[in-house]
Structure formats: C-alpha cells, structure tokens
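Working notes for the structure below.
As written, the chains take the letters A, B, C and D, and residue 1 is the first residue of each chain.
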Amino acid sequence: MRIFRTRDRVAFGDTDASGILHFAAPLRYLEVGEREAMRTLGVRVGDFRRGGYELPRVRLTCEYHHPLYYDDEIEVLTRCERIGRSSINWRFEIYRGSVVCVTAEMTVVLVDSVTRRPLPIPDEWRAHLLGEH
Amino acid sequence: MRIFRTRDRVAFGDTDASGILHFAAPLRYLEVGEREAMRTLGVRVGDFRRGGYELPRVRLTCEYHHPLYYDDEIEVLTRCERIGRSSINWRFEIYRGSVVCVTAEMTVVLVDSVTRRPLPIPDEWRAHLLGEH
Amino acid sequence: MRIFRTRDRVAFGDTDASGILHFAAPLRYLEVGEREAMRTLGVRVGDFRRGGYELPRVRLTCEYHHPLYYDDEIEVLTRCERIGRSSINWRFEIYRGSVVCVTAEMTVVLVDSVTRRPLPIPDEWRAHLLGEH
Amino acid sequence: MRIFRTRDRVAFGDTDASGILHFAAPLRYLEVGEREAMRTLGVRVGDFRRGGYELPRVRLTCEYHHPLYYDDEIEVLTRCERIGRSSINWRFEIYRGSVVCVTAEMTVVLVDSVTRRPLPIPDEWRAHLLGEH
C-alpha cells in the first residue's frame, strides 16, 4: 500500500473561537491529500469541465484525537485502502510531529460527468494506488 | 426523542466547481442544528469566553445521498440519539423537500474549558434532549 | 433607494482563534444580501447552469468597524447605489443591534455565461433596485 | 520595499458553482502572505494566546482582474506599502504564471490583546518590512 504525503500549516481562517482547528477544516486537508495522491497517477480530481475526473464523496468518517492550533505544521498521510468496482476508500492521518491529531476515511465513487452513472475504476489506478505489481 | 428543525438555503460559497454543495459545507448546517437544539435548553454551545459550553467534536460520520445545489432550501432535523456520562451523540438529516440528501452523526464531549477534562452531562440536558420525563 | 434586509447569526465556523468573526466571513453575509435583494426582482444570482445570472465580482471594499462574536444576531442592509451599463454597485451595512460593525461595497458585472462579455443591465432591474418610478 | 513570495494551488473547496475561485477565497491567500512576511521578521500573527500578535483587519480592498480555476498554481506577492504609528498597509498581487488575477490592499492595526488599544509598531518591523536601512 502506497503512502502519499502532503504538508501544510493550519491557516488562521481554519481556526474557530475555541482557539483550535474548526472541525470542518481538516476536510480541506484530506481533499488536498487525495488530489496529490491522484496527481502521482497523472490524474486530476475535480472540475470535469477542465479535464478533471468527478469523484463525488459518498461517505466520510472523521475522528478528532488531539486539537490542532493555528500555524501548526501538519503532515497528511494519504493511502488507498480498497478499490471496489467504482469506488475508492481513502484513509488519512493528520500528524503534528509524531502526534496523530485527526484520522479520517472517505469513500468516493467514479462517475460519468454527464450521466452521473458509476464507471469502473481503471486498472492502472488500482495498481498504482494499491502499490500492486 | 425530540426533533429540532432548522432551515436555511445553500449559500453560493458553499458550492464548488462540480456545481454542487462542497462536502465540507454540510458541517456548518450540522453545527447550526446542534446550536439551535441546545438553545431550546437555554444552553449556548461554543466560545466559553462568552459563556458558552465547550463541546469538542470527537467523531463525525457523514453520508452524502443526493447532491444539493446552490439556493436549495434545506431543512435540518437534529436529534439526540444517546447521552453518555460526558458525551452526546447527535443524528442529523438534511432534507430538500422530502428527499434526504445528507445524513450525519456527531459525537461531542462536554469538557471543562480550563482543565479540558470531561464533565458529567447535567440531568436536565438528558431529560430535555431525549424527551424523557 | 431601496433597502433590503436579511438576518442571520454568526456561525461558529465563521469565527477564528482571535475569538471574533474572521475577516473573510462577512463576504458570505454580503452574498446572501445580494441574493435576497435580487430575489425580490424575481432574479437568481449565481450558477447559470441552474438558471442563475452570472454576476462576477470585480471589486470589493470592506471596512471592519467593530468585532462580531459567535452567535451575535446580525442584520444586513443591502442597497444598490448605482447601476452602470453592465455593472451594479452594492452597498452593505452589517449591524448588531444599532451598531454598524462592517460596511462594504461590491461592484459586480452582468456577463453572458458563454462569451463572458458584459451585458446591459435590464431596465426593470434598474427601476426596481434603485426604487425609481 | 521588500517583496515576500508564497505559493499555493487553488483548493477544490475554494471554488464555487460558477466554476471559478469564490470571491472570498483569496482572503485566505492574503492572510498566508501576511503570515509568511511577518515570519521572516520572527513575528507570529494571530492567536495571542499562543504567542501571536493581534493585528485586526480594519480595511480590505480586493480587485478581481481574471478568474482563477481549481488547481491553478498561484504565487502571492506581498509587500508592505506603508507603516503608520500603529497600522500596516499591505499590498498583495496574486499571479497565475505572469497574469495578475487578484490585487488587494489590507490595513491592519497592532493592538494590545487585553485592552484592545493600538500599540506603536516596533522600529525593527518598519526597517525589515519596508527594507530601509
């Protein structure tokens, strides 16, 4: 299983008045993790009018283990756990140093942008994302 | 079990370039649902420096059943499914008309704002939110 | 000059770790003000694929006079200050009670969704928004 | 006058259903530009409870010259145009390649986090940000 790594810092607008990262903000980091994992495959996620694949989200689970604060340096580990006929299961871990602060799972489905019907995941995606040979 | 209802419209900034509600945007609607459910109890969630209770989120699950579009009128049904010693399990359904577009569950924990230690949920919260007598 | 009024409460996700409304958050409230002003005209702003008019923003000025806090009740006063051949100048005031906390001006241009060329503002918009007879 | 450069890509959540960057999204990029400019001075902006300086925004002007699209690589040029007794005037340019898509100006004021009173800008900030010797 391949691990894809992205880095960022908690932006000020991602915090809330409790002084920590707002619970919706990690979703942005997950989406960047997915985008960069797919980019290593030469595939663009999102905005099909500009050549991206449509991978609507069908399920998200997020666990908040430790708070993240403004300006914290984070590393997002993205891995593909399973690929079904038309679906991809992603697993994310957001670290500050060695502390895992947020974990998440996201299921997306590959669809035809016009008909919205599920499409089979190409074999090369499977091989690349799962690190199979 | 009591049901709390809130209404809104999908804001333009909550959509994305795939033309539908961005997957992070419903979290705002859930948070408003929780806020208004708690308000019926005379309790304010968030920003303890201004008298609110701190109820950090520990777990979120979101399922996206049907896309929501800009300007769609939505109704959020919020109910409390279970109250543990220090935790509350919320269940949300986001409707457009009679179609349930997003369902979600969120677990929050009542903590002391200074020590961050879990606090017991007051009995009156339990009675009110679960609709027990 | 007509005044259009919309009401909301500051959402938790709109605050930041300084404890107040984040400086980007009022833009959402302005956009709702514009949307509801245009709705009184029977016109939908945004998402032309679903029948809305495209009114891209070309200029925004925002002045932050007083901080807004989580859960504050706000009222947004929206008025159209001037209509050019293809452009509309909006003026916004965001109040908490009798205190004006944010004022803003926004210039938008009516464009053809396909060619992106400016289109003349219809006369009925002018009459309605400026309150002329 | 010193120029500070930051780079990013347009995130999917920053776009809207018109297919382009939402008009509120560049504010995030400005804030990162300011943060990184201040970091070169050894100063942290935001969240005074964690050692940051409070620099509330008092005025923002944003001009949208060309649309930005999902996944566009952007470079933000940040420079300090003027420093008053307690205020800093920033000027930002957001480029995609050689095209300037958004320009902005932002005035912030240095305040005491407790009294909220304006504080004099330290001389070393002035020298560093304006590039004076």
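Couple of notes before you dig in:
In this text, a contact is a pair of C-beta atoms (placed from the backbone, for glycine too) under 8 Å apart; a residue touches a chain by one contact, two chains touch by 3 or more.
Please read these numbers as outputs of a predicted model, since none were measured by experiment.
Looking at which of C-D and A-C shares more C-beta pairs in contact, the answer is the pair C-D.
Looking for a copy of the A-D interface in A-B, B-D or B-C, one arrives at B-C, which has over half of the same contact pairs by residue number.
Computed from the mean C-alpha positions, the centre of chain B lies at a distance of 27 Å from the centre of chain C.
Chain C and chain D have Cα centroids lying 23 Å from one another. Mean C-alpha positions place chain A and chain C at a centre distance of 33 Å. Residue positions 12-13, 15-17, 19-20, 24, 27-28, 31, 46-47, 49-50, 69-70 of chain A are each in touch with at least two other chains. On chain B, the positions that touch chain C within their shared complex are 11-13, 15, 19, 27-28, 31-32, 35, 44-47, 49-50, 52, 69-71. For chain D in complex with chain C, the touching residues are 16-18, 20, 23-24, 27-28, 31, 46-50, 54, 56-64, 67. Listed in rising order, the residues of chain D touching chain B in the complex are 12-13, 15-17, 19-20, 22, 24, 69-70.
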